[in-house]
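Note that chain A is present in both complexes that follow, paired respectively with chain B and with chain C.
For the complex of A and B:
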């Protein structure tokens, strides 16, 4: 168990700056998810913590101790790689045992640990197999077991579920949450999949171009994004963002906050629009609407509206988020909020 | 996709396909004959009498196998010593080469260091220089340090194997980076990573390189011939070549019996390892 802290960490590959003066604290026992589009630096952050891709400058601290110069093997952390990185020439048992042997853990302790961990992750029957004889899900478990057996203070995971099929992925998601609750260790998890981030994280750290856009719990990041990027990155379909009439600001709303009606309703914002497409998702239906050369996505529980027909869409005042010219949120307590909101209502 | 391809085959294409397969088969048979015939000829001659071996027209067969040819060859000189020399030289070369090639290949494959590309270029160039160009200066060098009466002139010049370094480097390069990073996180040092993680993954290449080197040095005639002045340090190849110019004319049946003795160890090793050798060459071509 440990707190991880990055102080002014920069990383350059040749002339490319990936991270610049990044500051980040991950609290002890937290399930922290680093998320962002490809190339945003999330894997670089993870590798910096692991020590396998050392920072160009800055410090990495674990429990307030500077570990910047410690080699990866001495950092008391374990990593699960995207492609699992299981040693193909070793049996499952040897894979799990390798790290322990290198730490000179005595054989009876090793055997006890291997028996215990392989039971927890459910690979006990496969200990003598070679990795090539295992399925993707089983390999994933071997990689997990290899990390767990070291009883590290911090688990680092680099998109560990992205090579699994959809069904197995949702199953492993639940198992990882249970594992975290059981171990109460710090987890740092990298993904580009917002479903994984939303479902597992205590804290989401959203990165773009090496800069932290927002750090918050999933609920906060979804309902209260601090800028346009966060608002549009989290949530599917993404948040609708429209220009605010008569200004250089914009306003946004989630597709599921829109109400569709055939008759003009009495609402804060209402507008007539044409339905362009309809996608049935089962419990919900997605509509694409067009009005005044703009288009928005609507997620509705009703599937009665047909493409080509006109409908009214409406929004409540509290479901509208305002964004300033610099793409940051305009919060209710700030100057000009009321005026801007009123402008949104007149769209 | 497959169905459509089947429908489009015309009778002409089918006939061409049959002809092609037949040609293919004949070509393979031809290759087998070209490679196997000299071998059979050697074995059959080694079991002939002297008149049979020089008979005209020649025959592949003998009336009665003359096993005593082998005994005669073995007793015609100190063959135990020649065999021991061959074994010592070849095994020492293999051991030295492995000791040098594995770390060198690992460094070339995994580290970026100043002059690395240039050094690797020099290794490749040395692989292309024929020994016939260098043997005189090497001979003089060993003469200066008075080592000509030892086995070292046959061993030391081959202590590093450029081809082996190249092959191993290629297979080390194919090992995914994450495996090494994972091993580092498992608290493994460089030597540990090299021997426990990398080398097992390059096993096929290592076996192939070793086999190639073994056959090459076991069968080498030119180098030991120019580097040795006394029977005391000569290997089997040079000794067997001497059977040919003994005073009673060419006793081909004895020369061939000597050759059979020479290739026997290689055959035995190959029988045990041929799957590994072939896969070493196949896998190095595929990513």
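For the complex of A and C:
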């Protein structure tokens, strides 16, 4: 188990700057999820921690020890790759054993570890098979076993579930959460899938263009985003953001916070709008509404409203988030909050 | 109508491969069988009569020291060629693996000899290896080293021929192995880095098994090719000095078309060659094919 710390880490590929002076601390035993749009540098952060493709400048620390110059094999961490990267010429057993052999672990210990780990991840019957004879899910487990058998202080995972089908993915998600609870090791997990991030993380680190946008637990990041990017990246459909009348600020609200009614309600914000589209999702329904040349998404439990008809949508005061001109949040304790909120109510 | 349609569908595939089959039958299978047949007769090019003599030709061949000498020379040449080409091609491929501009230039340069006609190669190298006016000895002398006798000494002649064949073929095999290396995904090496794999372990446990199908193909092609060596010998040494570079194919050629035109004996030697190459290939498959990793 270990704490990971990045200090002023920069990474350049030729003239392209991917990370610049990034500072990040991942606490011991945490399930940290790095998320962001593609090209945001999340995989680069992971590879920097692993030591494959090292940083251009800055330091990587593990338990306050500088490991910046240690080769990947000596860093006491294990990684699960997106396309598994298991050795195709070796049997499942050899795949799992290879890292142990290179660390000169004696044979009896190796065999005990392999038996133990393959039982946990459920690949014990396939130890003598070649990877080509396994299904995608089984290969995923082999990659996991190969990482686990080393008993590393830190697990690094680079979109490990993205090659699995939806059903297997949700199953593996639960298994990984259980695994983390069981091992209590530090996990650093990269994904572009916000469902994975929300469901698995103790702490979500949201990156964009190599800059950390927000670091918080899933609930905090969803309900209390610190800027427009975070607000719109997390949540599907994304948060509605509208310009604030009479200023260069804007305000936002989640689609599920909107109430739809046929009669004008008594609410803080109410507005008449036309329903443009309706998507039935089963338990809930998505509507696209248009008013004054603006459009918003609404997620509702009611499916009675029809496209082409007019409805009233309304919002409570506390469900409105305000954003300043620089796209950062305007918090209730800040100057001008009351005024701006009142402006939002007059939309 | 339907019946003929069915029949047509059954016949069509055979009709389509017929030209290829005919070609094989006339130019490969028939001569092969005829060779085996003639090896049991006493036919000479200058005498029309063909009498069946049983195993007489084989008994005669295996009783002659010059035949054994040719066999020995062939094996010596093959072992040296295959080992040196195989190791060098693998090393070059690994060395030229990075896709830099210089490396792609070197790869092309290495490959160029392959497209030059072997006869021209042999003539040029005859001159290069000339004991008195050759470039190689000139360079050696420039470095203050004594010149070598190259093709003129029984001790160095065979090795000189191996060098020529090595020069001509190594680029070709390098390109094959190189392209095999290109197909290995980089994450596998990153995983190996995290598994703390050493350089040798990386090569022998990961890289080499990954290129084993191409390596196996190269090994078989090299072996068969080296047993067929003829042109360089015909041009550069004529089997000499003495009988130092007399190899099996050259022996067959000389027996059939020079001196007494004993085609029957040449055929028997040809059958022996066929047998050896077949045996070696079978041996390779038995010993190595289980270790070859096919995707």
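Keep in mind that, in the parts below, the second predicted complex is superposed on the first by the 347 of 347 C-alpha atoms of A that agree within 3 Å, B and C clash if a C-alpha of one lies under 4 Å from a C-alpha of the other, contacts with A are read in each partner's own complex, and residues count from 1 in each chain.
Here, contacts are C-beta pairs under 8 Å (C-beta built on N, C-alpha and C of every residue); 3 or more make two chains touch, one makes a residue touch a chain.
Source: prediction; values computed, not measured.
Per the definitions stated earlier, placing chain B and chain C onto a shared chain A by superposition produces a clash between them. Of the two partner chains placed by the overlay, chain B and chain C both lie in contact with A:99. Using the contact criterion defined above for the overlaid structures, shared-chain residue A:237 touches neither chain B nor chain C, since it reaches no partner. By the touch criterion defined above, A:29 reaches neither chain B nor chain C.
By the document's definition of touching, neither partner reaches A:54: not chain B, not chain C.
Contact with chain C, but none with chain B, is seen for A:132 once the two complexes are overlaid on the shared chain. In the overlay built on the shared chain, the residue A:122 is in contact with neither chain B nor chain C. Of the two partner chains, neither chain B nor chain C is touched by A:345. The contact surfaces that chain B and chain C form on chain A in the two complexes overlap at residues 50-52, 71-74, 77-79, 81, 83, 85, 87-90, 98-99, 102-103, 146. The residues of chain A lying in touch with chain B in their complex are 50-52, 71-74, 77-79, 81-83, 85, 87-90, 98-99, 102-103, 146, 150.
Listing the residues of chain B that touch chain A in their complex gives 176, 178-179, 181-188, 192, 196-197, 200-201, 203.
Contact residues on chain C toward chain A in their complex (touch as defined above): 185, 187-188, 190-198, 201, 205-206, 209-210, 212, 293, 295. Chain contact summary for the complex, chain A toward chain C: residues 50-52, 71-74, 77-79, 81, 83, 85-90, 98-99, 102-103, 132, 146.
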